[in-house]
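The data blocks that follow each hold one structure.
Same chain, two partners: chain A is paired with chain B first, then with chain C.
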Partner chain A sequence: MTSSPASETVLDVKNLNVYIKTAVGPLQATKDVSFQVRRGETLAIVGESGCGKTITSLALMGLLPKAAFVQAESCNFAGTELQGLTRSQLSRIRGKSMSMIFQDPMTSLNPVYTIGDQLAEVYVKHGMGNKRAARERAIMLLERVGIKNAAERLSYYPHQLSGGLRQRVVIAMALMCGPQLIIADEPTTALDVTVQARTLALLGELQREFGLALILITHDLGIVASMADRVAVMYAGCVVEAATTEELFRSPLHPYTQGLMRCIPGRHKAGDSHLHTIPGMVPSLVEIRPGCVFQNRCAMAIERCGGSDIELRDVEEAHSFRCIMPQAELASSWLHS
Partner chain B sequence: MLKYIIKRLAIAILVIIAVSVISFALLRLSGNLAQSLAGEGATQQQIAEIEKLYGLDKPLVSQYMDWVVKVLQGDMGRSLFTNEPVFRMIVDHIGVTAIIASLALTLAIVIAIPLGVFAGVYKNSWLDRLALGTAVFGSAIPNFWFALVLIYVFGVQLRMLPISGNATWQHYILPAITLATGVMPQIMRLTRAGMLDTLDAEYVKMAWAKGLNPMTVFFKHALRNAILPVVALSAVSLGFLLGGSVIVEAVFALNGIGSLAYHAIKQADFPVVQSILLFLSCIYVVLTFLADLINARLDPRIRLR
Partner chain C sequence: MEQNNQKAALQVRDLSVTFSLGKKLFGPSSKLHAVNGVSLDVFRGEFLSIVGESGCGKSTFAKVLLGLQKPTSGAIDLNGRPLASYSRLEIARQIQPVFQDPYSSLNPRKSVAANVALPLIVGKGEGSADIRGSVQKALDLVGLSRKHAGAYPNQLSGGQRQRVAIARALITRPGILICDEPTSALDVSVQAQILNLLQNLGRELNITCIFISHDLSVVKHMSKRVAVMYLGRIVELGAAEDVFNRPRHPYTKMLIGSILPADPGKKLSIPTNDGGFPDPTNPPPGCHFSPRCDQAMEVCSKVKPDLLRDEAVEVACHLYSGTSTQRLAS
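On to the complex of A and B.
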């Protein structure tokens, strides 16, 4: 591939809203989610369980359950507007130029087909070449993701491989058609801790090597710090803060982001063995009140937080947050915590 | 794989031995055999002669062994009434039954599996409700009644199909449809239930994420995982069709194994009843064994364990 400018935007999402139909009317699962990912860049989407990270990724892939529907201002992928595509138009994109790595490699490979068959399938489906070419590419990629005896392993079934190896197979599968964007949904959460680090390192290497745009969905700020160029922090379906990784770790502004940062063990000085938590739970979709989504857990909440919805405010060129407090006050609250 | 086959085969053989003991015991324990062979008013001496002739005076174990050896040589004794060799009788009657049973099962599978797949895919849609309605209808109506309806509509009114006997291939159509109606619902429901499970599986989500066509996702990725219990059920259904089609054979005047069994039971023709019992049990065992083999072929986790 040629070395195109690093600023080439692969995915540009503007105001993505996902609704879920229920008996009492549609519930809003994500609210005005916006972000961009550029070629060769890793965007981490961070948040607790139930904050809308996975829903967002499924919406991008067009894999939402039937009860859900999407409204967005725009959802531009490599020059194509994804909204309004028919199912067959979308299926020409996914798996080819946009692929996904699921959380649990123990269940995301089909137990009754060989990994060779599952790798080749996607390549042949997208008209990249015949079965023999697919086999060669599969061997090449399996070797690249660090699986020894790749040719022989093609005839293995998923249950004959360990979890770490299976996730490598899934990663190889995501790369089969040379995608521009990979969405990795908690790709290492289901793996042993020792395997996690190696799998992440591999993902990072491959991303640089193939010039991929990577969306990394995680709840682990350690992974964010080591992998991501930029971060979007999600809470209850909203992006509450977005910044470059460096900026976010240096001066988190939103009280929720600050809370997450305080929860990292060992962030405080030696001797402080106290584990921090954010009191309360992510509100379920039916409990969300008008105004700030974080108000009921926020230590700094005032009456005005429950007013109208809060706009995303830009502070730096690439740093924005969704809070009504003055920036200086938020910054000082972080410095003095 | 070989280990698995040997294990399944050993189990099959054990079941056949158990069945043979039961079927042997049934005959010996159903009253005094020599007495009934000799008929009413036979003298004590005549009965003793018959006991000697048939080996009934020997210990039970050696009687059983003699019987097993004979059966293995294809000698299942003779009918008490026609004096025909029982083996011959079974061979003569099984053909018709085997044809309608296989036709019925094939028909049931060809309809039930796609219907079950789409009922699962479009859960709660009109198609799903139609499939479930058909299933309830199929399992609720008695097959002799349905057979009569078919005869009335296609035989009497439309005059499209023959309704009695087995002279041409067309004679097999209505009996096969009747029998298929009975087994189709279970296969459909089991397929649907399996699909509901596998459609939610992560590997199916992955298949969608790979951009595969819906048909590939449904039939290649979801169905293959949903079908294992369906294979087992189909094998049992075929066994049931081979042995349990007495009424349908009677309605369509087909002289199959069902009517042979029915007449033998009515006349208390013990050697025939015993042999049919043994024969059908063995067929069940063989079918179950085949289902195990097919499942091992379909699921590597069974085959490579």
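On to the complex of A and C.
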């Protein structure tokens, strides 16, 4: 990897639209999603199921199902435009300079190969070196992710390891070719709480050590608060708010972000035993109406919300949101909740 | 404690469940102690949570209470009568489950109304004369409208499906509801709706609720009393307030330390000296937690600590078995 300044943008996505072909015409799964990740930075993409956070990451990795197609203004990864790359060109990047950690380490490892074979495969396939070099790197990385007796464990099959150890193997695998960007999709959802804390701490350490750009996809605001530098909140395929983590937790503006934060147990006022809820449910892609995507669940919605599409507004440097209400009104609604 | 003069709905004494894992060709047969000497009183109308990580035996414990798993040893009394003396149907009339995943716990080929009615049709319990009316009442309780009755599970969202599962559990008018991770398959905003619903139902219908979860922030919010389990044993038991504000057992401390607060000012605290979850078929001797515990003493790896009272809570740890504690008469 070439040395580069800390503020270098690794990934720059502008207006990413993912469509899924259906019998009734294409459905829009994400709408004008834009974000950037810099070297050494963690961007969290937060949202509930169906908000488009996973499909965004699959689009970046070129792993979308056949029925889906992408339209974007630009998807620039470390100076390379990802759009228009052929399959073989993309597969040279994928797994090498851009790798992914999936949610469930039980299914993301192949049960019939040893972990040594699986770790070496990435390395050899990408032409980083021969099998012996791959083995050495695998041992080094397994030790780095905290697996004892790494040399011996190379001959283990995935089922011989616990869930936490398996996820460590997956993390080591993502690091095999020295990537610039890692996309971690709910990396700890399948793990126990104590294991989760350790896995996240490890991920943070590795990120600093290797200067990685990290995209962390999660629904857990606790993980966001402890890991991320910046956050993009997604709802029904749109980024509804983006800000630095501190700013977002101090003064969330979009009613959805505010609602999400009020739902967390333990955040409500003392003596009030009821949790705040957001009425209704996430709309399915078929039901999305013109205007604001959140209008039918929003307590502040007015008629004008159903008008034209809502632009992302910048309030401060690195804080933007997608709502027509005045900023002051939104801010005071948060303070008085 | 205030509950002491209340009547216990369930009395569990020294309950153990052991699974035999079969014999290896030349090796000894191994045994898995899923639940290992658990004693617990569940009081009428209370909201009791059982917390622990996967493999701690919390789901096996729930299965025993539901009559789906025979205990290897120990006794369970339901309303003062041994659970074993009840028939399968009698148990189902009084104890009903709500499972984790509403996508797999509902029959996809039956309508919502048919799913909800089934326990009543099979159990012929109270209200089976007017099945239609009972179904409607149950659906009303969980906040589902008349139009949902004819729908099929695949037409509903995860939150609505979990409401159907709760309605199905309520239709036999049980005294005890056992919720095994009822919200871990749901989104945050929907989770809050279901938690509120469970809390309201518990209060309005005076249902005893045993809530099994690994999510400590949910447990802290929901329950009056908490039991922390580790590798088949209860390691700490007490009022939620006491357990969360002043955890005693090092494992409870570790669990609480692993909660990720939604507050960017607070940094992640990482458990130290952690060898990971031990092999449950070959648990460490003495206190099962001792290899992971940074306060472990010599005695910890030799002698199993008993669950003893320490001020407001009961804790199974040698750190607290000194002079200030008195042995619980059980």
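Operating definition for what follows: the second predicted complex is superposed on the first by the 332 of 337 C-alpha atoms of A that agree within 3 Å, B and C clash if a C-alpha of one lies under 4 Å from a C-alpha of the other, contacts with A are read in each partner's own complex, and residues count from 1 in each chain.
FYI, a contact is a pair of C-beta atoms (placed from the backbone, for glycine too) under 8 Å apart; a residue touches a chain by one contact, two chains touch by 3 or more.
Remember, it's a predicted structure, so these values are computed and weren't measured experimentally.
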{"item": "Room on chain A for both chain B and chain C (clash or fit)", "value": "fit"}
{"item": "Most chain A residues touched (candidates chain B, chain C)", "value": "C"}
{"item": "Chain B versus chain C as contact partner of A:Ala172, first or second or both or neither", "value": "neither"}
{"item": "Contacts of A:Ser91 with chain B and chain C, given as first, second, both or neither", "value": "first"}
{"item": "Touched partner set for A:Thr277, first chain B, second chain C, both or neither", "value": "second"}
{"item": "Which superposed partner A:Tyr157 touches (first chain B, second chain C, both, neither)", "value": "first"}
{"item": "Partner chain in contact with A:Ala236 - chain B first, chain C second, else both or neither", "value": "neither"}
{"item": "First (chain B), second (chain C), both or neither touched by A:Ser99", "value": "first"}
{"item": "Contacts of A:Cys305 with chain B and chain C, given as first, second, both or neither", "value": "neither"}
{"item": "First, second, both or neither for A:Leu216, with chain B first and chain C second", "value": "neither"}
{"item": "Partner chain in contact with A:Glu246 - chain B first, chain C second, else both or neither", "value": "second"}
{"item": "Minimum C-alpha separation between chain B and chain C after superposing on chain A, in Å", "value": "6"}
{"item": "Contact residues common to both interfaces of chain A (with chain B and with chain C)", "value": "none"}
{"item": "Contacting residues of chain B [partner chain A, same complex]", "value": "201-203, 205-214, 216, 221, 224-225, 298-301, 304"}
{"item": "Parts of chain A lying in touch with chain B, wherever the complex brings them together", "value": "61, 63, 87, 90-96, 99-100, 102, 104, 107-114, 121-122, 125-126, 157, 159-160, 170, 173"}
{"item": "Contact set on chain A toward chain C in their complex", "value": "48-49, 162-165, 192-198, 200-201, 204, 219-227, 245-246, 249, 259-261, 263-267, 273-278, 281-282"}
{"item": "Chain C to chain A touching residues, read off their complex", "value": "53-54, 157-160, 187-193, 195-196, 199, 214-218, 220-222, 254-255, 257-271, 274, 276-277"}
